[in-house]
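Next, two complexes with subunit A in common: one pairs it with subunit B, the other with subunit C.
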Partner chain A sequence: MSLFGVLRKLPSFNAIHCHINFLGRIARQQPYSMYQPFVKEPTYSIEKLDQLIESGEAKKREFVPVKAARSDHNVSVFHDELTSKFINMVMEKGHKEVATKLVETAYMKIKQMQLAKYYKATTDAERAEIELNPIVIFHKALENCKPVLQLTPIKRGGATYQVPIPITENRARFLAMKWMILESREKERTVHFPERLAYELLEAFNNTGKVVKRKQDLHKQCETNRAYAHYRWG
Partner chain B sequence: MIRFSPTETITNTFRTNELDPINHRKDHDGRFYSISQSVKKQLFSGGGLPKEYKELSETLNGLSIMVRKPAIELITYLNKTNFDAPVNRYVLYGKTGSGKSVSLAHILHYGSNAGMVLVHVPWVPNWVRFPKGCTPSVIHPNKYDHPIESVEWLRHFSTQNGPLMQKLELKTTETYTWSKREMTAVGSPLSELIDLGMNRAKHATDCVTALLCELKKAALSKRCRVLVVIDGFNSFFSPKSRVRREDKSIVLPTEFVLTDAFLSLTRNDWNNGAIVVSVDASAHPSELRESPLPRYQLGKQGFEHLDPFIPIEVPNYSEKEFHSQIDYYVERNWLQQPKARTERGRAELSFTSGNHPLSLMKLVAPY
Partner chain C sequence: MAVLRELVVFPSKCFRGVRSYFFSAPLFQNGSLKLNESVSKDGHALDFEQSDTKKMSKAMKSYMERAKIHDNFIKQQLHEYNIGKRHLANMMGKDPEFFTQTDVDEAIRYLFPSGLFDPRARPMMKHPDEIYPKRKAAEFDVNGRPYHSLFYTSKPNYYTLMHDLAVKFKQLDRHEDKIISRGIQNQKPTELFLFGSEWIPKQKIENVLLESLTDAQYVNLIKTFERFSQHPYSVIEKDFIMQFRRQLAAQVEIQQVPELMRDESGRPYMTYNARRKTSNATVKVIGQGTGVISINETDIHFFQREQDKKQIIFPLQFSDMLGKVDVVATVDGCGTSAQSGAIRLGISMCLRSFVNAETIERMRLAGLLSFDPRTRERKKPGQAGARKKFTWKKR
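Up next, the complex of A and B:
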């Protein structure tokens, strides 16, 4: 059954749709957001929608206004939220197609490199150890690159100190992605971004490489500056 | 409600043990047969497999070609051919990326196993669009040579037909005078002619012409059977090329010596052979890509040259072939996403690719 079939069963979803724009755009209270705080993010995964309908949650959400669907959001079997976010960060000047192509080429190269190892391996045990799924590698690589603390400049008595403070999940994910992209952009003329990105992701997956080193350097800096940690509260 | 289970798969027999193309029949439709590394090196080291397809076969640890209807049709025709009648011309046509080159590769393997001398041009536009240096011909006025390409082609010919040529021991029927001191006498082995062409780039194009002439005569006198396989044949009649004269005017492909040689071989004035040719929209410049059909792609000149021919369409995948292709990708660990291997994933791939072979390959590549 299609997504539309699901939505048609709950007529109130359709009724709300025409009111969303009107409700959402009065008096912006949050900076940058076109929507008022009570407007919810859309659920577009068919699995999650099924769960909501089964558990009865859907009934409660019938009259809650929902943000407009983004063009990234789709029910494709290849859709991955983290990859979407990453592609957006790779993108420059709005060239989404170029960014998608770069990241997808990197995924293909990861598969090629891992398959080369896989077909060279002689025992089943060796083969079982090799991870072939590029999205699994991407997720694990990002996890390995996420810092746990970050440094912030705080002024005390005329001097500016780099003080270690806790980091939010979003900020950690952002830093991991940003470092990954910056590292992949540094290159020789002949090695292009997708190939570089593939190498960096594979190294980060194995907890080695430049991006993981950058995270570890940050952690070391935080450790050396732990004396200033109390400056966070003045 | 749409539900999918990541462990759900469609079982299908997608491989066949029949490794000899001569025996491929209708039952083998949609199944993969593998080609050994040695055969791949012998037949395709000079070209013949599309670049991405070749790279993919190297990644997936072995070249496997799907047996499809166009190739099966051709094989049945070739098996039943009356070789005393004039040569039949078969033209493969279809959208770009629908599998014409791979079908031709299949036929090449068939010809090799059937003991036919292979005259194979991997991709004609390479001679028209990216020539490595055309020189005006000495022997033919107002025509142009391809010295480097001819040497490469002779090398490719000798790799493909090496063992067979040694067995057949064909001899020249004419004297060829290359210069005051160089000549190839009557009755000298053809391998001498080929070696001369490979060593002397200046005479290579004329060696190719001579070789094709000799093969035609050999086929007529029943000393050998010749299979001509040309990919991108419509490029011989392209309105443009990258070769320019000194006054910057464009040299048309019909003014190449190589074109004359291969057009003479693809005429039906000989017997004891077969000619299989493909026409592709991508072999022409972008102005001439509106229709994939043979009459449009060949143009008036090309059509009149090849007429009468047997057109064979290379369509998109049928449902069986599509599932077989996905099964192959899954088995070779190329299609990794577990959700994509389910029935719903396959339905999505079938829809977004439109069952078009090249589109499917590109969609599956990153995941």
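Up next, the complex of A and C:
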């Protein structure tokens, strides 16, 4: 028997559900997915792939099917995962192009403002301090806006207390992005979203501004509610 | 009795060790067994047995008869199968001595063509062992006393396996203790590499143990095995564990990369028909190229969105083939995102023939070679859309 014949006879994972019973799935409270539960997420970043292969993790995935790459995955030098996430959060009703344009305009504005400062600067030391890359500014700004704790309502003895609990990385990132977007969508109609976003990002980069203040207010509230922390465990 | 000699009889001791789970050659320890004679292991009748063995119970008699009938039936089927094989070989003009099961299947398919959908409904001729389920041999002697100590659990083989696992676990613990007491603490044992294989499914275990298991029992067994294989020194029992695992085919090998074709000018090329949602793309990647991209007879600006253009270039850039191959694609159906996704898949599948195995595996891990099965979710009755519900009214 040929090698191919042997291999075809060996069982292999079928990545896609063959029989999809919609109503049955809903009844079972499982998140609906066209993929089987064991199918892995794709790794498209070249550095991460190299890491996987070096560490030997890739060997474990040899026998497991991988999901298809998403539409916003690519290996372009201009690609930034965090920015993709942010664009998705800015997007409303599926208008991806509009959202991309808004965020990219904001980046352009940041670059313009920073360049203006750069040309105004007289000494080399001053110039070295000015950050020109809008993506670096965006990353740093988000870091400064991420809360460390969050409040959750817990009912004890008829009263509902706001109890501080630890926060996951994903939740912190989500909150930072959410606040940033909310602050940028304020009532002033003359100043449009990209400009406001640019200002907010720059302020957050310098650890000032409304979003950072919001984070600090949350931290203060957590501090005042320290006494209820043990309610977490009933 | 000649009949009972054919039955496979398990040794009367408890199961210990692996080989007892699988059928071995018939071993009939007591020689010929006469129905009305009492036989003990030593050969002479014991006093307290005398009253039982004078008359065999009706249950025992009917059991013996049934066993005899079944055995005869299987023999008959086997005989018919062998004769049938020879007839088929003669009909097909092949050598009857070297007529294998695959030849039999082919002959049946040729002589009895069937339009039925389910393969199990079509005519087949297989060895009786594959059609008629195997039965356990006599689990008790003529006096009705069971051989196996766990007989009254009604699943002796299953529980023996569980007990064996427990015993082996303790043995591994003792081994670990010994190693620690000798002070060889720093020595890490080799890890048991279980990737590339999965636990054999419930049906197979039932066939091996000859007992039907409930789902809960099967899950329990697998959990015990998982726990056992996670022991640091489980590599000692590797053979035992691997008997209950089956190998999987590596995903890359399943793909079977096709060979490059040559066109009139001698340039290598590859074609692929790719789909995404309801759009179809026919992609042709031509080697020895300069990076010319043609989509529906226009260039890459067929797509207005940056995202779509990036999708087309993604596989080329990923595999370092940007500027080295030409792409000619035709696409129709659905929207821009689906069309660009289809072309991306088409390009990736064609590029497999141009790049080495390592790059193919990298592309697979990046999700470039996977078909995207996501489709529009259907609207459900009683709801406004796929997920959106009508306004909830309390009353």
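FYI, the second predicted complex is superposed on the first by the 183 of 234 C-alpha atoms of A that agree within 3 Å, B and C clash if a C-alpha of one lies under 4 Å from a C-alpha of the other, contacts with A are read in each partner's own complex, and residues count from 1 in each chain.
As a working rule, a residue touches a chain if its C-beta (ideal position, glycine included) is under 8 Å from a C-beta of that chain, and two chains touch if they have at least 3 such contacts.
Model, not experiment: these values are computed from the prediction.
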Of subunit C and subunit B, partner touching more subunit A residues: C
Which superposed partner A:Q51 touches (first subunit B, second subunit C, both, neither): neither
Touched partner set for A:S76, first subunit B, second subunit C, both or neither: both
Contacts of A:Q216 with subunit B and subunit C, given as first, second, both or neither: neither
Partner chain in contact with A:L115 - subunit B first, subunit C second, else both or neither: first
Subunit B versus subunit C as contact partner of A:Y107, first or second or both or neither: first
First (subunit B), second (subunit C), both or neither touched by A:N206: neither
First (subunit B), second (subunit C), both or neither touched by A:V64: second
Common ground on subunit A, meaning residues reached by subunit C in one complex and by subunit B in the other: 46, 53, 76
Contact footprint of subunit A on subunit C as seen in their complex: 195-196, 198, 246-254, 256, 305-307, 310-311, 313-314, 317-318, 337, 340-341, 344-345, 361-362, 364-368, 370-375, 377-378, 380
Of subunit A, residues touching subunit C in the complex: 4, 7-8, 10-13, 15-16, 22-23, 32, 34-35, 41-44, 46, 49, 52-53, 58-76, 96-97, 100
Touching residues (chain side subunit B, partner subunit A) in the complex: 1-4, 59-61, 333-334, 336-337, 339-340, 342, 344-345, 348, 352, 365-367
Subunit B-touching residues of subunit A, taken from the complex the two chains share: 1-2, 6, 46, 50, 53, 76-78, 103-105, 107-108, 111-112, 115-116, 118-119, 132-135
